[in-house]
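Taking it in order: structure first as structure tokens, then the write-up.
We call the chains A, B, C and D, going by the order they appear; numbering starts again at 1 in every chain.
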Amino acid sequence: MTRVLVWNENRHEKQSPHIAALYPDGIHGALASHLRTVPGLDVRSATQDEPECGLSADRLSQTDVLVYWGHIAQNEIPDEIVDRLQRHILAGLGLVILHSACISKIATRLLGTTGMMKWRESGEHQRHWVVAPGHPIAEGVPEHFEIAQDETYGEHFDIPAPDELIFIGWSPGGEVLRSGTCYTRGLGRIFLFTPGHETYPVYHDQNVLKVIANAAKWAAKAEDREVVRGNVQPLEPLARP
Amino acid sequence: MTRVLVWNENRHEKQSPHIAALYPDGIHGALASHLRTVPGLDVRSATQDEPECGLSADRLSQTDVLVYWGHIAQNEIPDEIVDRLQRHILAGLGLVILHSACISKIATRLLGTTGMMKWRESGEHQRHWVVAPGHPIAEGVPEHFEIAQDETYGEHFDIPAPDELIFIGWSPGGEVLRSGTCYTRGLGRIFLFTPGHETYPVYHDQNVLKVIANAAKWAAKAEDREVVRGNVQPLEPLARP
Amino acid sequence: MTRVLVWNENRHEKQSPHIAALYPDGIHGALASHLRTVPGLDVRSATQDEPECGLSADRLSQTDVLVYWGHIAQNEIPDEIVDRLQRHILAGLGLVILHSACISKIATRLLGTTGMMKWRESGEHQRHWVVAPGHPIAEGVPEHFEIAQDETYGEHFDIPAPDELIFIGWSPGGEVLRSGTCYTRGLGRIFLFTPGHETYPVYHDQNVLKVIANAAKWAAKAEDREVVRGNVQPLEPLARP
Amino acid sequence: MTRVLVWNENRHEKQSPHIAALYPDGIHGALASHLRTVPGLDVRSATQDEPECGLSADRLSQTDVLVYWGHIAQNEIPDEIVDRLQRHILAGLGLVILHSACISKIATRLLGTTGMMKWRESGEHQRHWVVAPGHPIAEGVPEHFEIAQDETYGEHFDIPAPDELIFIGWSPGGEVLRSGTCYTRGLGRIFLFTPGHETYPVYHDQNVLKVIANAAKWAAKAEDREVVRGNVQPLEPLARP
């Protein structure tokens, strides 16, 4: 079983009746609810207002992949917790970064850039095209899918050139976007997926959910692996048979 | 001086009065005429109906980068000439592949895929966005530029994941496209740039011309370099001082 | 079940008693025998001297990943069969290219380079280091492993910059090598793994076999997916809710 | 003219007579002295003990590429200065990271990993192989070069998969290393080059100096470019001609 932790800032849901109506159980609730229907996933959730921001060492140790949504309260997360999260990712914990979490502390620390882009909240529909149709994250996803309304993000998107580019977004206002991108840092696999503004029901969309489930499976840590770094002796020469 | 050879199939120009009017000196003529205004470039041109398709060994040996446009007659190029061209590219000759030359023999041989995409000839305008603003090929190019009318190409575009993705195209019909992509094969640098359908005056557009000039400089062979492959002896151990 | 086809040229085994003794059931037999012990794999084998070189359309249609070893008879494979194999790979068939098959017709056609390198047959031991410890192909593989004797391959290795670099080889004679590399062409995933000269029992080595099994699982086609290319109409605008 | 700033921690040189003898003008002095012989470069130097660690806003604004060596005092650099340096790099300042500066604050912040590796100080000779012979950073560099004595670094090296891999190192003790790697962050190009332990005269080696000069030219900012991010309006549709 792949152990998924769906993590959500969970502030908008408490502050906005509109958003609470879209996500009565929070964005984390909607995501977890879908992921629980996917065979092979063992799904829990956590939110920022829990002790240690819901990201205790114990919890992270029991997690193979973290699905992460944050927006307005990202800078309230203490640096020590971000340090810990980064250590776990470098040691193999997978990370699925959703929407505005591309500018979270953990994202910018792993990627080295600001994560900023052009944006506007005008309820435009969005098309996302698969550019890597053989990739596991695109499995079962149509060649393009549409989201009825979402915040528009556009290039230039300040992310590093991804290891793999999976989706490109199109907006009617004239922008394009690298909307689904893969990275590896240390042993940890990272997928950044831009859809999901809190004011629209994006995480009830079946294609969006399919992508997130695929990404969780793709990014999940497969083994606890020890990597030796530091002061070492030369290797013994090998005797020939 | 960087020695540029602008190569053109040059058939549409002979067959269609409309295209001949757009390009009285051929597509190669329009491209060469602009490139001659760029400091540091020594520009010649050649066309497919010349002896050896304009790609003799002598000519290729005196070339640092080849700018290549082809469409309806690509399969008439003998395989031996494609073999020769490939050898020169692997030895360092740069290659700028334009528009439908993405499905040319030389392109598919270097890239390993079909080079096919979605397409339609409906005269839509196109926007191309810079996604690698620090790259030499994007130097002096605005963050996006528009082409008044061009053939629409769209994903899925059957090219390998590029070493570097420079431009993404947007069309009003709803498509996106990796429209400027970099590859290296052997010692040769390759830039694939999709704008330029023969029925529109795309190669009179200043942004398009700027990109092609940048690409010619970027892709050009810098040195004649010998790379040893084949049966070799073990290296001598180095004495410590 | 992942359908694996282990394909072997199978000429050395018939011509050399020494090699026949190392691989009484052929290199394909040794590889298939191990892969049959791996849960989830359905393994068959084929050899070059079978009808259609063992690569009939039917057989390829019933295969998710092809493990491929060839050397002295690679140029005897008719181009039509290579065409067919390439089409299947672009449509999603996975490919694991072993040792000297890096210069096979199918490899050079997919990769666009010669696949040549420095080499010598001097029975040196080889070390292969994992540089992508979080990658599925490295799962369960130690941080480095040693092969008691193998042909030495060294840089410059004329392959494209890989999408992912998994292993780097070290030889006592002073060379290094990108020895495990990943590519995607169309929908097909490709892994190139250099160990395995026919005169040494490399395919009885447990680490080598582990890598090949991991690669077969990683490269295998996951779904039959239709990708639309060609002349298309503009998309319908989406009505906002 | 490309404006190069050679920056050095400059502590070992003050503390160790042995190192002071190797580098009477400091590591920065040795590097700057060579770079001043390279046409097209305008070279200055700075050290950590200058005001603002030698990295004032003015100085960075007048720099196209920063060559950076640090080791024992890296954590003494205030975070605000690292913040500033990162902003300049994202805005286009090039960065050449030397040796142990791979674990500097600025390197780990840009790359997202620890930058740690296997290492030992045993004076082994090192071979570095060119794996990207067509790349500008390898121009004029032999297919491999040897450093008589250097600290040994080995995999696993905790860096992200580079955008381009230029050199692989070989050590007689049995290790390999991705020793020359390229990245882009924002508009800034970054080259990480591992040779150069302070106790050996590595920066008097002509091949090492050649690589650093090439890298400085490759990484240098080419233009002051404005990239728009933030809240934007939809683009105007383009009228067709």
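For this structure, a couple of remarks:
Please note the rule applied: a residue touches a chain if its C-beta (ideal position, glycine included) is under 8 Å from a C-beta of that chain, and two chains touch if they have at least 3 such contacts.
Predicted model only: the values in this text are computed from it and were never measured.
Looking at chain A and chain B, the chains that touch each of them are C, D.
Across C-D and A-D, it is A-D that has more C-beta pairs touching. When the contact pairs of B-C are matched by residue number against A-D, A-B or A-C, more than half turn up again in A-D. Chain A and chain D have centres, each the mean of its CA atoms, that are 31 Å apart.
In this assembly, the C-alpha centroid of chain C lies 36 Å from the C-alpha centroid of chain D. Taken residue by residue, chain A touches two or more other chains at 127, 132-133, 143-144, 154, 156, 161, 163-164, 172, 174-175, 184, 186, 227-228, 235, 237, whereas all remaining positions touch fewer.
Interchain contacts join each chain to each other chain, per the touch definition above.
Taken in their complex, chain B has these residues touching chain A: 127, 129-133, 143-144, 154-157, 161, 164-165, 168-170, 174-176, 178. Within the complex formed with chain D, the chain A residues making contact are 86, 90, 109-114, 116-120, 122, 124, 152, 154, 156, 158, 160-161, 163, 171-175, 183-186, 227-235, 237. The residues of chain D lying in touch with chain B in their complex are 92, 123, 125, 127, 132-136, 139-140, 143-144, 146, 148-149, 163-164, 172, 184, 186-189, 221-223, 225, 227-228, 235, 237-238, 240-241.
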